[in-house]
Amino acid sequence: MIYFNSDYNQGAHPEVLDALIKTNAEHTDGYGLDPHCENAANMIRELIGDESCAVHFMTGGTPCNITFAAAMLKPWQSVIAARTGHIYFHETGALEGTGHRIVTVEAPNGKLTPELIDAALEEYQDEHTPEPALCYISQPTELGTVYSKDELKAIHAKCRRHGLLLYIDGARLGAALTCRGSDADIRDIAALSDAFYIGGTKNGALFGEALVIRKSIDSGYFRHMIKRQCGMLAKGRLIGVQFEALLAGGENSLYYRIAAHSNAMAELLREGLKKHGVRFDGDSPTNQIFPILPAGVVGELKKDFFFYEWRREKDGMIPIRLVTSWGTERSEVEAFIEKLDELM
Amino acid sequence: MIYFNSDYNQGAHPEVLDALIKTNAEHTDGYGLDPHCENAANMIRELIGDESCAVHFMTGGTPCNITFAAAMLKPWQSVIAARTGHIYFHETGALEGTGHRIVTVEAPNGKLTPELIDAALEEYQDEHTPEPALCYISQPTELGTVYSKDELKAIHAKCRRHGLLLYIDGARLGAALTCRGSDADIRDIAALSDAFYIGGTKNGALFGEALVIRKSIDSGYFRHMIKRQCGMLAKGRLIGVQFEALLAGGENSLYYRIAAHSNAMAELLREGLKKHGVRFDGDSPTNQIFPILPAGVVGELKKDFFFYEWRREKDGMIPIRLVTSWGTERSEVEAFIEKLDELM
Amino acid sequence: MIYFNSDYNQGAHPEVLDALIKTNAEHTDGYGLDPHCENAANMIRELIGDESCAVHFMTGGTPCNITFAAAMLKPWQSVIAARTGHIYFHETGALEGTGHRIVTVEAPNGKLTPELIDAALEEYQDEHTPEPALCYISQPTELGTVYSKDELKAIHAKCRRHGLLLYIDGARLGAALTCRGSDADIRDIAALSDAFYIGGTKNGALFGEALVIRKSIDSGYFRHMIKRQCGMLAKGRLIGVQFEALLAGGENSLYYRIAAHSNAMAELLREGLKKHGVRFDGDSPTNQIFPILPAGVVGELKKDFFFYEWRREKDGMIPIRLVTSWGTERSEVEAFIEKLDELM
Amino acid sequence: MIYFNSDYNQGAHPEVLDALIKTNAEHTDGYGLDPHCENAANMIRELIGDESCAVHFMTGGTPCNITFAAAMLKPWQSVIAARTGHIYFHETGALEGTGHRIVTVEAPNGKLTPELIDAALEEYQDEHTPEPALCYISQPTELGTVYSKDELKAIHAKCRRHGLLLYIDGARLGAALTCRGSDADIRDIAALSDAFYIGGTKNGALFGEALVIRKSIDSGYFRHMIKRQCGMLAKGRLIGVQFEALLAGGENSLYYRIAAHSNAMAELLREGLKKHGVRFDGDSPTNQIFPILPAGVVGELKKDFFFYEWRREKDGMIPIRLVTSWGTERSEVEAFIEKLDELM
């Protein structure tokens, strides 16, 4: 069986694992108050060109999203997000669990726009509705699509104008930073947001994400919030160690190389599919693609390949999701295309 | 100035006020544990033909909606509602404040349907999304429209099939029970829901609503929840006294008569408007109507009448909201129509 | 039966009720945005000598306590209170319901002190414990005792030093302002707290309290919070009207006269009890007293008088609670003393 | 520098790390739905002799405590715990963050008793106080002390009698299972509780705990709750793999051997201290001990050894905390004792 089901179906990239092995016997303080976390945080500050920002290492993406939003919002405030956004669609109401509404908008291609933000703002009138205070987007989106630098600028400007914080979920940030046609680098991401995270789990780490918060909005009490939201790891250094391994070398680091590889593997799949005139849900240039295939073909592919059906069959066609990762080998992609060539 | 702005712009109906005056000097236990509340609860049980249900007197509609939902839902469960529903649109995220999502659907005329419930259910797949557990509707809706008995039956059946509780917000229940063409009586409301409330505030009381909960889902601990949600009134009897005054006589009671009067006044307004070919937002047969008038006419009317613009001007036309109440006098309605006749 | 069970066992003081009757037919805007609320707020501003503070009319004491604290606290912050404090002891965990801890201390006589605040602060070390941010006291306390001006000053200074907000629950504030030996007037209460409320429910109103918030900590969004916490009354003017009636005349107002009367009636009871060498739980100079009586005497008194046993019988003695109010008549007190004279 | 500061200052026990290395390249499903988690869960079921219980692998101890309690409690319900309990003292109000009160009692030695539970229950009277519904204890306690089987039976019986759930925090369960004088084995722990967890983080794992829930109270929806509380790990198998390594061999497993080693090292320290007549805070037989030493001695020891002062200096004496772990070597303990011998 060959796996295209997700980018978290294996352990860590071997170089990341090595870093954990090498540091295993060290004694350090707990809860992320150790030299590895400090060092990794500084590497991130250098990478994004902002010495002053706060960096917190978190156990996962949902903890980043929720802990940040819950720390920032007043009880009566709400979050604006695409209905396809992870914070709405795949976090079991964790944000509402902290007492806040997500005001959803229908976003084609999974991307927010200034116009969609306006639509969400229109629901707010006075004290009888929650006050929108934070805009949630992800780069890339849940559909694999990527915001251009100009699109981010427009959203950022819109948020500034309306006093909204802008948060970028970077679960697969590496994929967006390294895909064809992407023009927003990590300094842009930092400059055009109030907070964002660099996702480790889906780009080579065992687990762990690096949440970056602009100095001016950091209360200095965020660690209280991590603990209160059950997200503080006793052996917190584990995440610091992994990010040291991932980020050494900046834009030439393992982090960028893993992401570029994943994207390249997805690109190969895409080309193999396009050869047969296959259409796609969205136009993802990153490591998740959503080809729409005849049900019969899907059935045959499933015998050798593991992947998920993305939406229900309609008119005999099924959109599926193919995901590549650091562990995806070129031979696996070729096997898929070969099989496809036989079937179509 | 003549007021069509709301049905809560005056105090209580004089007969309700009289009941408060007459009982003012009595000594009773507090927190709703008094003979008036007990008596009013029994009157309601008789009216709906269900001796076993729990009745709680609440200070307002939002407290009813939120306290009930929060008492019933598990932390990971959500509520399905129309995006125009009061619980979403006019309660400042109070439900999310208790940790639960409202899954919204776009509902023409403000009314949920089995198909719209299906659409909301489709978002739920597994442990990565909240589990819908309660359906919120109001009778009449925020747009003044009314569910027929068959429509309620269909929604009720749908909810039963999917294990959803059905809750009916009855802020203006009287208006729905007494309007033209309405075929669902209060026994139907009780039989086709798991809980509902009989709204007092907008139908002649100073304040207060009677929340009715089907015996089989009443935990016996609901009073803990009322107190915890800050909704327990020290002089709780005040609501019991008012409902005694409103409901004495059952379907011939003051409650029904006030509602019928409000509807009749709105009907007169509607006819006066239709004479001029005026179109309406929605087809409300109850005491809220939404005529769409030329901006110039609206401007002139505002000199003598107080009402709210409902939505923004579009193509020179403005939908306004006119609301009638126990205090609306026929002469006031006639003055409005006269003025309209002059202007159009 | 004569009632000493509570100060909320009757309706409103007749003059308050009259105000409601006289204004009943007026048309006003809803939700507290009406001339009566505005006028009553200004009367309060004048009474306390602070033109700038925010005044919000609330439906009850628990709504005041919880809504204020929840609006002010960050998610990881806690409240310091006496374990006998109403916010801990009699609100069903409403504060915890908003996500915050109450750090309790054992307070003799129900009164916090700088030393007790220190004890509570000692529990806070770092991000592994909630950060205390608000001190809750009530004047008078749940045991009827009263803080002197010096005691309040010491607590206020302590709070300032540690960055704690100081909140004073004034459910029975009138009783504290008018009792023998009290030297903190309402200007002191305002000057020595960040927020407090003037209790109406237990001093002549049907219901309603006036929450006063120091300008510098008022976010301007408090009405969002009232609505979100289910505390906004549609006919909000009802509370404004009642406070107009209660407060007209400032320190000579009905509010002060009612409280002084209640205190005087309690004083008569106290003297009648002391004659027989009765001891008391606490040394309350206000309208709640806690005499400790032989079980047999309590049993006999219960035949003619309604009151609550405060704690369990111990060694044949039972502490009971006697409460007086605007409605308590001198003849009722005398009847109690007479009976006592017979029994002891 | 030699480390006695905590049992989470190194990485994983080498055998645990090996298991992670060996399985690193495997492809599995995410979120704990993999063969390793299934297998580890079955090993636990066999170990405790209960085939039917639910087992969930969690990222840490606080997530276990909070997610379980929040899933079980109704909004108006509270938890009873010792004021020294981890859930109160070291989780930044995470439980209150889910809306529930912790009713604390002063527990000598950190241990709850039926009498202390009674004291907590006494605070509950009616709908004006939260309803206690869950009793939280830890084995061993925060002070290293251990409940005997009879003590657990008495607490369990008390809880059953009052309808309270009994939850046992097993962050250091191994230490309690293997220490001198301990007579409650893991089957007793399972039989005498409604839920408990087997702590991995502090007994050889990188991170991860195994939460065990009695079948009859498992709703089947607990995974929704894990996700909603931000505790679901994408590569969930990491915890399963570690528990496979820790528990293979049941009571002869690595888990038991690590704990026994830690206890033995602490025992050596204790003996070395007792030789000098040193007194201890509490009488811990497990891997945390709290000797009380002269301030001067503490100062000298700090030059070579890293540990925390537990409470403030008093009369020249300072209670310190010494913790041992899988990584503590006999030579390190001997070095400490030697130094002590020099100093005292």
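Chains: A, B, C and D, in written order; residue numbering restarts at 1 for each.
Heads up, the rule we're going with is that a contact is a pair of C-beta atoms (placed from the backbone, for glycine too) under 8 Å apart; a residue touches a chain by one contact, two chains touch by 3 or more.
What you are looking at is a predicted structure, and each value in this text was computed from that prediction instead of being measured.
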| item | value |
| --- | --- |
| Same vs different contact residues, chain C with chain D, by half of numbers used | same |
| Higher-contact pair (C-beta pairs counted), A-D versus B-D | A-D |
| Intercentroid distance (Cα basis), chain D paired with chain C, Å | 43 |
| Centre-of-Cα separation between chain D and chain A, whole angstrom | 34 |
| Between chain B and chain D, centroid-to-centroid distance (C-alpha), Å | 51 |
| Residues of chain D whose C-beta touches two or more other chains | 75-76, 91-93, 97-99, 127-128, 130, 224, 227-228, 232 |
| Parts of chain D lying in touch with chain C, wherever the complex brings them together | 75-76, 78, 89-93, 96-102, 104, 123, 127-130 |
| Residue numbers on chain B that touch chain D, as the complex places them | 31, 70-71, 74-76, 98-99, 127-128, 130-131, 219, 221, 223-228, 232 |
| Complex interface listing, chain A residues touching chain D | 1, 3, 5-6, 8-12, 14, 17, 20-21, 23-30, 59-63, 66-67, 91-94, 97, 201-202, 206-207, 224, 227-235, 238, 306, 327 |
